[in-house]
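The structure under discussion is supplied below as structure tokens; questions concerning it will follow.
Letters A, B, C, D, E and F mark the chains as written, and numbering starts fresh at 1 in each.
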Amino acid sequence: MKVTVCRKEHFNAAHRLHNAEWSNTQNQEIFGKCNNANYHGHNYELIVKVTGEPDKQSGYVMDMKLLSGLIERNILDRFDHKNLNLDTEEFNNLIPTAENIAVVIWNILREQIDHKLELKVVLYETERNFVEYPSN
Amino acid sequence: MKVTVCRKEHFNAAHRLHNAEWSNTQNQEIFGKCNNANYHGHNYELIVKVTGEPDKQSGYVMDMKLLSGLIERNILDRFDHKNLNLDTEEFNNLIPTAENIAVVIWNILREQIDHKLELKVVLYETERNFVEYPSN
Amino acid sequence: MKVTVCRKEHFNAAHRLHNAEWSNTQNQEIFGKCNNANYHGHNYELIVKVTGEPDKQSGYVMDMKLLSGLIERNILDRFDHKNLNLDTEEFNNLIPTAENIAVVIWNILREQIDHKLELKVVLYETERNFVEYPSN
Amino acid sequence: MKVTVCRKEHFNAAHRLHNAEWSNTQNQEIFGKCNNANYHGHNYELIVKVTGEPDKQSGYVMDMKLLSGLIERNILDRFDHKNLNLDTEEFNNLIPTAENIAVVIWNILREQIDHKLELKVVLYETERNFVEYPSN
Amino acid sequence: MKVTVCRKEHFNAAHRLHNAEWSNTQNQEIFGKCNNANYHGHNYELIVKVTGEPDKQSGYVMDMKLLSGLIERNILDRFDHKNLNLDTEEFNNLIPTAENIAVVIWNILREQIDHKLELKVVLYETERNFVEYPSN
Amino acid sequence: MKVTVCRKEHFNAAHRLHNAEWSNTQNQEIFGKCNNANYHGHNYELIVKVTGEPDKQSGYVMDMKLLSGLIERNILDRFDHKNLNLDTEEFNNLIPTAENIAVVIWNILREQIDHKLELKVVLYETERNFVEYPSN
């Protein structure tokens, strides 16, 4: 009898999609406007999904307040109001596509959440572009 | 060739998270503001997902109007504009966390829907807190 | 050159619509399900709108962080996860309809916000029912 | 390390649910208002989900701009501002229920997207009625 | 002390923008895809706003349940799941642009609502296109 | 008989709130995280509202397709996927607060839209922070 509990948070960040091993032309060709040299930005909406059996005593799979605090300390404090390329070590050598950001967030949270619980991340870059990791 | 059809409904209810076997301090510690003695409340958004093969004649997995009526009679009439702790027998001895409410709703609907069809429930307690049962 | 800045916050509360001077039948007739004796509840979405001239130095009409903090201390701390009828003095003798809640919130905030600035409140009781005060 | 990338698009179309092999009474009984002889319509919201491994060089599972263009040329140009029953060959002999539209869209897109990538379609007929194909 | 109460409803309809006094070329030029001969359709979201003083006894400007019922009988029963051009007398000789639909709805409702109360209509044709009548 | 027609568009941009005449401490004090030296960013949602009398022939106040194109050429092409502080002359010497961005957009569009028509701009910086210009 496993239930999934989900918590939605958000952060605002600047980023640029750029592969330093490619020519400018190639970067422009692949990343288009997202390659703009001076960065652009997004309101990222993040949904963290945790799956497990509800505790008999509390009726909770995981306390949403604890989950929210954990996301705040580990993800929002790190990425909110930051330039992902310049201000974070995670994306120093990793292109901050939505795919890569989702995987990075999952890896950070996976360390913080009881391994009896399954973990999934959904990340909205815009209302029309979003990613899920891991895939179902 | 299975398709999932989904119907969203909502109900408004009061509830309190409280474990009668715990001390007040322990209840306060675990449930925080949700333990408020005089209850608080939510607009619950409920998504019911039914999976099966579309009927060759009608093109329907299940008629959404029938599904909507079935949710209304079995769930909304029971929980809408109610105090879940005081007005419903389901939560007389069960803490009405989002997890438990979703499982209770699934159990009620499971009896009403053809067993050839799979059933899943998503319940939003707030826009930022929601649960899924069963987990994918 | 006046600009309106708007901040959205939310709180969850229980309430009951009941006029103690009316008979039960009359209360039932007017308030229907909203008269349920044991309360029901809502996720209230609150939008506070403040109008004035942007400051030349900061470009702000009013700092949204300050506005958000002011709403939190004066409104959310008072009403969030409360039973409006039982836990608040504002609705001890005032029926907590959306109309009355909006007027009460406006009166509280009006005291806290510079009188050079105009103030307006929008309150969503559900996604489909909301009120504005004052009217445009 | 599979990630799912999702792109949301929309189109507006008219349709009518009608089975030519049934009597008018039977059509009315099953399809109700959706059987209206002169058609009615919807704003369809379409989410296309593509699953695969992010490319090491670009960080993309699939370029969302390419995915968006592919949906535009193959789905929107075909169905947007059309009468599904009269203006499209796909629904000449197939009842345009949300279930059938989702399957048709999936079949069209499946031809256009690299078979290493998994494909899923979510189609909202209204905010409260939507379908997923294939089911999870 | 005037408060505005707002009720959101929706209906689904087909329509075509076409001026019978114009040539096909001119219709195509002005209305583009919206001129499609076989109609297209929308999920119309309708917000009805009523302004007045809350009643001292009930705390209501106007009972939202009554307002909802009044919209259902006068607007939804007339336009929902209809072809606006063919199935309604209102748009027999009037092009069903969002502007005209909003004015027609306002005129119908104005007859049904106490003239002490001000009335305003907001109509969403899509999430990105909407109209307000009267203008503020 | 004036009607307001509204068109919603969006753009993604990076920005930084910083007053060059202030000390770093003062900038930090007033703008907090929004002062981050390497910029952060947002998905800006822009609603442009145009008010006038519907044309008798077309039923349009203003053709939404033309309005959309006009916003694209004058606003999106200028600000989308840009760093507002570095890549645009408008914010070279003007702090890109939501208030100032809304006024700048209004001034640009005002030149492009028939002066018989009234113009209003609503700009969402996040779902919870937005501004309106001019104020009602």
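What we mean here is this: contacts are C-beta pairs under 8 Å (C-beta built on N, C-alpha and C of every residue); 3 or more make two chains touch, one makes a residue touch a chain.
Keep in mind that this is a model prediction, so the values were computed, not measured.
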Labels of chains that are neighbours to subunit E and to subunit F
C
Co-neighbours of subunit C and subunit E resolve to F
Listed pair (B-C, D-E or C-E) duplicating the E-F contact set, over half by residue number
C-E
Euclidean distance of C-alpha centroids - subunit C vs subunit D, Å
41
Note: subunit E sits from subunit B at a C-alpha centroid distance in Å of 34
Rounded Å distance, subunit A centre to subunit D centre (Cα mean)
28
Can you list the subunit E residues in contact with two or more other chains?
127, 136
Chain pairs that touch, all of them, please.
A-B, A-D, A-F, B-C, B-D, C-E, C-F, D-E, E-F
Listed in rising order, subunit C residues that touch subunit E in their complex are 17, 19, 21-22, 30-32, 94-100, 102-103, 127-136
Using the touch rule from the top, collect the residues of subunit A that touch subunit F in their complex.
10, 12-15, 33-34, 36, 38-43, 80-83, 86-87, 126-127
In their shared complex, subunit E is touched by residues of subunit F numbered 1-9, 49, 51, 54, 57-61, 63-65, 118, 136
